[in-house]
Structure formats: structure tokens, C-alpha cells
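Next up: some structures, all given as C-alpha cells.
Same chain, two partners: chain A is paired with chain B first, then with chain C.
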Partner chain A sequence: MGDSSDEENLGTDWLPYSERDDWADVTPLPQDDGPNPVVSIAYSPKFREVFDYMRAIIAKGEKSQRALDLTTEALNLNPANYTVWQYRRDILRELDADLQDELDYLDEVIRQNAKNYQVWHHRRVIVQMMNCAQWELELTQNALDNDGNAKNYHAWQHRQWAIRTFNLYDDELEFVNRLISEDQRNNSAWNQRFFVLKHLGFTPQVIERELLYTMNHIRVIKNNESAWNYLVGVLRQSPRGQLNSSPEVVQFSEGLYSAGNRSPYLLAFLIDLYQEQALQRREAIDNNQLAQKVYTLCEDMATKHDVIRRKYWSYVAEHLKTQLSKPSSTE
Partner chain B sequence: MDFTTFVKPSNGGASSENENETTKKLEFWKHVEYIENHGKQEDDYEYCMTEFLRMSGIYWGVTALDIMGQLDRLDRKSIIEFVKRCQCPNSGGFSPCEGHDPHMLYTLSAVQILCTYDALDEIDCEAVVRYVVGLQQPDGSFFGDKWGEVDTRFSFCAVATLTLLQRLEGSIDVEKAVKFVMSCCNQTDGGFGSKPGAESHAGLIYCCVGLLSLTQRLHLLDVDKLGWWLCERQLPTGGLNGRPEKLPDVCYSWWVLSSLTIMGRLHWISSEKLQQFILSCQDLETGGFSDRTGNMPDIFHTLFGIGGLSLLGHSNLKLINPTLCMPQYIIDRLGIKPQRLTLA
Partner chain C sequence: MTDAKEPEPVLLSKHAKNLLRFLHLLPARMSSHDSTRSTIVFFAICGLDVLNSLNLVTPQMREDIINWTYGGLVVPRDDEKPCGGFMGCRAMLPQTEDAHLLECMRQYQWGHLAMTYTSIAVLVTLGDDLSRLDRKSIVDGVAEVQRPDGSFSACVNGSEDDMRFVYCAATICHMLDYWGSVNKETMYQFIMRSLRYDYGFSQELEGEAHGGTTYCALAALELSGQLDRLDATTVERIKRWLVFRQMDGFQGRPNKPVDTCYSFWIGASLRILKGFELTDYAANREYILSTQDKLIGGFAKWPQATPDPFHTYLGLCGLAFTGEPGLSAVMPSLNFSMAAHAHLKQLHEHWRASKGLCHLSIDGSGDATDAATTKKTTSSSPLISAQ
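Right, the complex of A and B next:
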């Protein structure tokens, strides 16, 4: 949490507000810690002073250029202080400031504080004030491309907000394709894919294409939780909404199993697939066979492939037994 | 103002009389000491940097101490005075600290603290209700404060606050609040995100499941599907992560564990392994828990470490309520019964 640049800021070139002529009219307002005895906190002198002046400015409601500069300094010291961010917005409105400058300023602040709620919220309010989201895709792309940040929840939220509010869906699939090709296990990117297609519409052609796309990725990395979840999500969008809606997917998953793959996600998918069929086709001749497959797979999961969750798998098997023993009309 | 302000001068050093076989692995007294000393010395910098969430910090410390049966180490009166000073006279909401703006997050923390101290009569509860009611939006969602950020976290905070104040009935539009939360359920994995379409995330799942528990609407969940996704969060180390392919973390362990507990599916994961993971995140020197093994401890992860162990039935800890993350005896005292499912 420490900000190393803070040390530099304590250097000699920083002039305390108490020694600045243009601040002589302001009386700093120290933190009121209440009447209780207090072990005083070793705030840095600069930190203490900046916030003492900040409190004084907020208390007198001054909205000026110097007040704006002061918020910049205060937020540099603590970008999580949402009261200062709010006051900054009040000043920007009052001064009718050039908001493009504010966006530029925020580019840098977000680069340094990409996991801070307040900076993203401020960005959103400024974009709303400007009614222009021209830079938002680029900004979030930069944040997500930053090494190790491809799943940054704040950036994704902001991106979805901008896309939804300003109808920026057009090139999003291309962006998602790239992220998934860079890291096939990027759950955020798979989620974004669903978000985009849900808006554009899961037509039969889209469903077919998406199933193919997903299967191709599973072929490369079989044990990919995100891709399997996405596959199920897309199957549920088909008119019947069943896991066996696509013969290709059934063939694909059974083929993987036959070829010896025992990824827990593959097995979990097969269990759901057979279970769903077993419950829907009670009278079918192969019903007992389907149930038997579920029991065997659950047993394998519990004892070999997913031992840590063995209780879950024995629940699934037991649950199916109970369901099948009930009269079918209750389903 | 720091946490030591609330420590009673009469407190002695760490006593070891209660120490027996079962507490050997949990560094019980070190954690008590850690919480008492929160903000006293070396974390000064961090302490002043976290001023903006002070109210929640107090809630985390108070709750963890109460779960450990050590609540009397803090001075009830000065804590209540602090909380009272943070109620905004205009809006009725609570700020994290004097000089900051009120927010839903700190309003819930303040109400939780007051419930723990049985001191709701010290504040203007009707003003709190008005504050929360005023933040509900036409689509049923909630702003976090008057500046308009929407998030399922705030939906949970709103409903939890009103529940603790016994004012859920006849205040907000519960039906719409539930509807909004359900619109954040993802069809791919059965989880919930911060807004409709946002990625499933264990912390936000806790908020949404918690809201459904408080509003007695757990039947809306696809429990088996969500339960499976949640128990998939357990990694070979025993710890739980918040999203696929992320690192395990003590706080996510709490959120997943409490959600599974509410849904009656706690036993689907390996309790022993999770307990080992949580205990491995203790700082054996200073006390306190960190997010994962070997990192610096903080008060936030300390509550969730202790809370997780309580849910797992660790000895010498009071029972914690999974929905409200408060000691169960307080929830009982208030006569509140958040819904819990039992496995059919």
C-alpha cells in the first residue's frame, strides 16, 4: 500500500501550505479525533498538512483552481478518499472545467490505482458529464492488457457500463477473441463473450458458431472450467435449452471420454447430461443405463478425479436415485 | 482516533489459562492482542490510509473479538460514542469516520456494531431507515451513496441494515430488490456479479445469497448449480478463490463458505483442508490473519479467518451467523431468522 513516490514528495522542493503566500488566508483544520484520549498517529507531516487544508477548504466550501489543485495533491496521497473525490467533482462543475483534461489526469491515476473503486467511479461520472465514451474502450483495454490484470473486476465493470450505455458492442467480440487466445482460462473474457452475445442475440447460427468455437478451445485445454461453463451457458440458450441440444457437443464430449480424458469438468458435464436425460425420459428403455452411467461417473469422481469434493458427488448420485424413485408426474 | 482508544486500561497481558489441546493450532491470544493493538504502532501509515473505512474496521475487530469471547476488552462506551458521532445529521447514514461522507457500507457496519452492543436505542434508527430507503432505485437496485454507484453489495447492505433494525417490512420494495439481484445471476455458471452481465465473483455471490436468505427467497436459487461452482473454488491447498484461476484467499474462503452454509452445502468441500489453509494464514509473531500464507496480516482478513473457523466448528469460538457475519447469539437476541436451507 505504500507509495514510494511519497518519499520523494517529502523532499525540499515541496513548500508547506503554511508557508505559501497564496494560502495565508486559510486556517488549517486538524482532524478532530473526539474527546477520548488518543494515541497520536504518526502521519507524515505533509500528509497531515494537506488534509488539514483540505478539511478547511471543504468546510468553507471554496471551489477554486487552488482548491482543485489541493484535491489533486490529497488524492495523490490517498486515492481512496471518496469524500475528496466528491468534492473534486463539485469543483469541476463549479469551475466548468475542461473535462478532457480531467480524463487525461484520470488515465494516469487509473494506471497507478487500477483496483481502486473511487477512481473508476470518478471516471464514470466524468464520462457521463461529457456524454462521450470515446476513450473508454482504450482505457480499459490498457488496464486489462497491463501484465497480470486481465481479470481486473473494476476495468471490466467500467467497460461493460460504457458498452451498454453508449452501445459500443460492434468490435467487442474481436477484443474478447484476442484475450481468450492469449489466455484461454481467462474467465472474465468468457463472461464478456456471453455478455456481448446475449445483447446481439443467440440466433441458431450464433449458437452453432459458439459451440464450435468453445469445443475448439476445449480441445486445446481440456481442463478449462471457464470454457465448459460457457459451453453449458450457450446450450441453455438453444430453443430446447437442453444439454443434449447439440449432437455435435454430445459426440465431442463422449469422444473425449472414450479417448481417455478424465478432466473433472468433462466428467461433470457428462454427469449433468446423462442425469438430465435420465430424469426426462423415465420410460425410455435406456433410462436405467443412463442412470447407471451417472452413478459410475460420480463414483469415479469421488474416488479418483475429484476426491476433495467427494461429498458433492455422492450427493449428486443419491439425488438422482431419489428423483427416479419418485412418481414421474411430480417432476 | 485508533483502535487502542477502545482498549480498556484494565486489560492484562495474554492469559494462557484457557489454552488446551484444541487451541494449540489457533494462536488465539495473539489474535486477541493483534486486534487490541490494531493501529497502534507500525501500521500507522496504513491506519491513516484506511481512515475512509474506519467504521468497517471497528466492526471487523469488534466482531472477531466477540466470536473469541473477548468483547469486554474494548470499551463499549467510547465505541458507541464514536459510532454516534459518525451519523450524518442530514441524511441519517453513517460515514466511516468523522469528516467523511455517509455511505451504505459504513451504515451497515455501524448498525452491526450497535446491535452487537445492544445499543440501537442510542441512535436515530428512523433516520437510518430513511437513508436506506432513499437509495433504492426504480429497478430495485441500490446506490451506495447519493452519488449513484450501483452494486449488488449495496443491495445486501440495504437489506441487512433494515433487517437488523427490524424494518425490512414496509420500508423498501423487497420484491424489486430481489428481482434486481436475480437479474445479476449468470446463466453460464449460476453465480452472481456486481451488476447484470458482470462476471460471477464469490464476494458478490455472498451478497446475493445473503440477500435472498434475509428476504426468505432462497428457493429462487439453482442451489445445486451454484453450489457446484462454489465448491469448485476449493484448490488443492484447501483454500478457496473468488473466481476461476485466481489465488486462494482467506476472505474469499469466508464468502464461499458462508454462502455454502446458507445453502446447506458446507459439507461439499473439505473442511479439514480449508481449516488447515486458514490456520496457515496466521501471523505467528504478531497475530492476525493475512489473505494467504506468508503475507502481512490485516484486521479484515482476521475477522474472516476467525469467522471461517467458527463456521467450520473450531472449538473456543462462538458460533457465527453466516448471513450477517455476526455472532449467532446476537442474531438470536434480535429474534432474526435468516433463511437457511437444509440438504434435502
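Right, the complex of A and C next:
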């Protein structure tokens, strides 16, 4: 990272470009920051010199091995410089370089800068140039397995892109299963599960299996928003797309409630379930009863189980009242 | 002595001094921010504005900031690809008289949507009249980086494309009151394709729903006049996802820790959907203040973490939404003050009343009578020369 430039500068083995024979033909080009610059960075001497030479090389349009090495050094000092990354790609194309080496280089750079947009973008372009995503699942798996990084947005995004572009869906569910079993609250993994199954198709059998899978996880950790959101998402994939599409899920959720569970996510689900029915079966005799359940649950949420959202739950109850008082339903 | 029950104060003047410092010299450890210097100006200037402290920026400093910002403007020639916009840094501007070298360097000078957005926002906040901008050239640059799927890259070469740049594209076109050949329909399609099963928006397509990208999506819909295309049920479900992000402060995704910046991203999203009043203001405020650095000012993402301009600015905006005394109102979708937005609307009226786009792209001198009515305009200032 650029943050390390101070300490690097203390290193003794670094020879300034101005003292290197093989760079004697290059005149460094300082940055033109205007007469009265603002937000000036107190660049280290090394940073300044590397970028002075970088500008000189770009202005010359030199695309050579030494230019490539210079970009390595510049990007080590500032991996967020998207123009230098682009110049590096232009060099690689010009030299017809071995891109496998570039992937190896990137393995290390990504390991050190796993949350930097430019490095992942570079990786994507190189993989596109090679038209080969052989190493992408392993790369992203390593990034996600790295302690505390199982939700790294960049890694997931890259992984999805590789899977989508190169049709690598085959073993993904297995990977997702492992991550969810390691941490049931890993929302990224649940999202990836949805992504894979959406591709494979939410057939009635898949929906049934997924609902079962999710209910089994909720049984273990009831207060887990990720699993509840996924459950609702899958129910919406059913032909009717409604929360009461699966009698098993209705029974399951009402059973949890009867057994005394008061997880806000369970209660929110029941509120949505009853609300949806109340609005759809407005002529039914139990309509008022359904609405009443919603009001009671909202009241309990606001006063006991989800107090931080008390204004929201009052709003939900009011919203339903308003909708039910409208003369006719166009739902 | 403060009563234990009394809420902790927001250290307004310390925050102002903290932000002011970043406008001057930054330490070497911030070298990795070299390519995004204009975003630091944005956080500092817009933060000072929200703090009602722009008076701390001296007239000379103000001129310097405006001139430095315009110095990053890329204006392509007719025979060059449409890469108009701001660079946000000077790494690709060499100090040389050599015409050949300067010419070669142009191939690597492109506007960047995030830098263009923040640069224009800074100019508007400082009361500049944008008369030195060729609006068409910039919006041509925006249209050039739109992808067939409706998404946007940051620049013509070497950038990823995702919801962040959809947002930046929308802010730029909205601020310049001109959409040119930007395709709002495909933009809308891309945004809606990124709405997830839990009703947050992802960075792109089927990624995980995220607070920052949900903000980008909703703000882009509002700024492009397409928010009312969301049906009532969808709006309620998005509100649910957003409201559920509150723990005390706000988190960016389910089961992630809270972070000061989401008081803005989620708060602004809810403001756009007119649901912010459904949140718990006191808990939100208390969390943001737990990340306040009492010694040097500024807010951090977490308590005891190091403050930075990004979290400082977004923390202030988050507090402004709850009506914190001493802070100016913030316009959610553009992410700067309502006062700056009022100035922008005056510019729009002026542009619409005058001869329109051609007038501005050829003659940037502005209209003297109108300039007089526009707050703190710089259009008539002879001090400013092109760099």
C-alpha cells in the first residue's frame, strides 16, 4: 500500500532511478500541480521520483520491459492509480507478454490489497485477455477464506463475474454450503446461493428443497436476518410468489411463535404474511382477524421486541389500516 | 460539568478545523489517495459548508481551490475521443514546455465520473457559476462511458463499471441540467436488474445488496426523474430493507457491523423514499458521536478508530438529517447542502433563460446581470485564468 512509502524509503538497497545507468536516457517529468495547489501530498522522495519517471515514460509512449517494471514499482506505491494500471495493460499488449506471469503477480498484489477496486479490475481484464478463468475460483476462495474476509465484496463480485462469464456454476453450491455452515450469518454466502439457484432455475423441487434447507438453518439460529431474507426471497420465486405459498413454512413460522420465539425477523415475517393475506382476501370472514393479528404484532414489535424500529412498526400498522379502508382493492 | 444524561455535544469547531487541515498539506502516508485528491476537497469543502463554516476558507484559498479544480478539467478536441470531465489529480499532468511530450500525455488524460461529480460539487458549493465548463463536452464524456447494459464506467479507459458510476453519471447530468445522449432507459433497466431478493440494490446485477449501492441506485433514480417508476409495493419492501439496517447506528449489509458512513447512505436512501422519520434518531446520533474524536475532531467508522475526511463528512450529513443544531440541511441525492443546491437551481434557471447549451459551450463569460444575482459567483472574476 501507499501507506508504506515512508518505511520503504528508509530501505538502503533501493537505488534511485537518477543513479541507474540503464535509465540515464530518461529525463524525469515532474507533476504540474499548478501555481497554488491544494490538498498537496507530502510525497516521499521515492514516490516523487518513481512517478516523475513514470510520467516521462508515458509521455514518451515507451512500452518496454523496464517500463513494465516501473509500473510495478509505481503501483506498489499507489495501487489506486487507475491510469498507471491502464498503461501497464497497454505495455502487456504491446510486448505480447506472458499473462500467466501477470496472474502470478496479481495473486500477490490482491493478497495485499484485497479491498482495492483497481487490482480486481486489472485481474478481470487479464482474465478476459487470456479467455481463461482457470484460477479465479481458487483466487477468490483464498481471498474469502482469509481470516475475517468471508464477506469481501470485491472477491464475491469477481467470483460471480467469473462464474457468469465462464459458466463455472457446477461446484458453487458446494462452496456456498461450506461457507454457510461455517457462518450462518454470512449474508454474502446466502446471496451467492440465490445467484446460483436463480441460474439453475427455481423449479418446484428446488424451491421445496431450499425452503427446507433454510428452515433447518433458522431452527439453529432463529435470529438471523440473512436466512429469513433468503426464505422470503425463495417464496417469492414460487409460481404465486406469495408468502403463504408453502404450508410447511407457514406451519414452521407459526410453530416458532407458539413455542415462544420472538425474534424480530420471525415477527416481521408473520406481519408480512398476515398483511398480504388480509389485503388479498378482503371479503373473507377472517379478514378482520388477520388485520388484528398484524396490529397486535406491530404493537409488540414497537413496545417489546424491536423498539428501535417502533416508529416503523406503527407506520406498518397504520399503512395497513389505510389500505384496508380504501373502497375497493386493485391489488 | 455535564450531566450524565445530557447528550454529548457535536464539536462543531473542531470538526471544521479538522476538515480545513486536509485542504492544505497531506502526509506521505496518504499517497495512495493521490489519484482521488478532488474527493478530499469535496469532503472538506462540503463538510465546512454543512458546518456553516465556509467563512474559514479565505478568499485566496477559495480562488486557489477553484483554480486547482478547474486545472483538472479535460477538454477533448474534436478529433479525440469524448473523454471530457475532471481528472481529480495531477499525476498525468507533466511540468514541461515540450509540445510533443504534452501531446503524447493527452492520450492518458481522461475525465473520471467520480472526480467530475466531486469537482463540480465543490465548485457549486463554493458559489462558482460553472461558466468555465463546456457542459456538452462533459456530458458527451458521460454518455461515452455508458455500457450497453445501461451501467457506466468511470472513464474511457481502464475502469470497472457499476452502480457507483451510475450514480455519478446521474449527478453530473442533473447538476449540468443536460442529459445529452445518456440513455436513461437502459440506466433504469440496469438499476432494476440489480435489485435483489431482499430488496436492497447490489453494486452490479446479482451481487449482494449493499447500503452504499442502494443509495447510488435510489439517488440515480431520483436525479433522473425515474423514482416514480417504482411501484408502491417495491418501495415499501426497499424501505423495510433500509430500516432494518439500523442497529444503533446503521450497517451496510445484514449481519455486518455498523459504521458511521451508513448513517448517511441509509439515511439519505430513506430520505429519498420519505421514510427517514421512521428511524430512531437518538440511537443514530449516539452511535455517530461514539466515533467522534474529541481531541482533534472528525468522525471515524468505529469508536476508537482513526477519523478521516470521508467518515467526518458523512457523519456530519447523517447528523444533519436528524436536525442537529448548528448543521445545515443536506440534499440527500446530491450529497451536498441545500444552500449549494439552491445556488445550482439558480444556475439552471440562468442557463434555461439564456441561449442554452451553445451559448455556454462557446462563450463562458456568463451574463453580468445574472451573475450579480447569483450568490458569490466567480464568473466576472478576472483573477481566474485557464491553466
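We take it that the second predicted complex is superposed on the first by the 314 of 331 C-alpha atoms of A that agree within 3 Å, B and C clash if a C-alpha of one lies under 4 Å from a C-alpha of the other, contacts with A are read in each partner's own complex, and residues count from 1 in each chain.
By definition in this document, a contact is a pair of C-beta atoms (placed from the backbone, for glycine too) under 8 Å apart; a residue touches a chain by one contact, two chains touch by 3 or more.
Note that the coordinates shown come from a computational prediction; the quantities given were computed from them, not determined experimentally.
A.B. asks: Fit or clash for chain B plus chain C once both are placed on chain A?
C.D. replies: Once both complexes are aligned on chain A, chain B and chain C clash.
A.B. asks: Pick one for A:Asp286: touches chain B only (first), chain C only (second), both, or neither.
C.D. replies: neither
A.B. asks: Among the partners chain B and chain C, which is in contact with a greater number of residues of chain A?
C.D. replies: It is C that touches the greater number of chain A residues.
A.B. asks: Return first, second, both or neither, reflecting whether A:Asp170 touches chain B, chain C, both chains, or no partner chain.
C.D. replies: So A:Asp170 meets neither chain B nor chain C here.
A.B. asks: Applying the document's definition of touch, where does A:Glu182 land relative to chain B and chain C: first, second, both, or neither?
C.D. replies: A:Glu182: touches no partner chain.
A.B. asks: Quick one: is A:Lys60 in contact with chain B, with chain C, with both, or with neither? Answer first, second, both or neither.
C.D. replies: Once the two structures are laid over each other on A, A:Lys60 reaches chain C alone.
A.B. asks: Applying the document's definition of touch, where does A:Gln31 land relative to chain B and chain C: first, second, both, or neither?
C.D. replies: Both partners.
A.B. asks: Touch check for A:Ala80: first (chain B), second (chain C), both, or neither?
C.D. replies: After superposition on chain A, A:Ala80 lies in contact with both partners, chain B and chain C.
A.B. asks: Quick check for you: in the superposed arrangement, does A:Asp145 touch first (chain B), second (chain C), both or neither?
C.D. replies: A:Asp145: touches no partner chain.
A.B. asks: Jot down the residues of chain A that show up as touching in both complexes, chain B in one and chain C in the other.
C.D. replies: 1-2, 31-39, 41-44, 47, 55, 78, 80-83, 86, 117, 121, 124, 151, 153, 156-157, 160, 164, 185-188, 191-192, 194-195, 198, 225-226, 229-230, 232-233, 236-237, 268, 308-309, 311-312, 315, 319
A.B. asks: So in the complex, which bits of chain A are touching chain C?
C.D. replies: 1-3, 5-6, 29-44, 47, 51, 55-56, 58-61, 77-87, 89, 117, 120-121, 124, 151, 153, 156-157, 160, 164, 185-188, 191-192, 194-195, 198, 224-226, 229-230, 232-234, 236-237, 268, 308-312, 315, 319
A.B. asks: Mind listing the chain B positions that touch chain A in their complex?
C.D. replies: Result: residues 1-2, 4-5, 39-40, 44-52, 78, 81-82, 85, 98-101, 103, 147-149, 186-189, 193-195, 197-201, 224, 227-229, 231-232, 234, 236, 243-246, 265, 267-270, 273, 343-344 of chain B touch chain A.
A.B. asks: Where on chain C does chain A make contact in their complex?
C.D. replies: Contacts found on chain C: 22-38, 40-41, 44, 61, 63-65, 67-68, 71, 90-96, 101-102, 104-105, 107-108, 110, 112, 154-155, 157-160, 196-198, 202-210, 236, 240, 243-244, 246-248, 253-256, 275, 277-280, 283, 387.
A.B. asks: Any idea which chain A residues touch chain B in the complex?
C.D. replies: These residues of chain A touch chain B: 1-2, 31-39, 41-44, 47, 55, 78, 80-83, 86, 117, 121, 124-125, 151, 153, 156-157, 160-161, 164, 185-188, 190-192, 194-195, 198, 225-226, 229-230, 232-233, 236-237, 268, 308-309, 311-312, 315-316, 319, 322.
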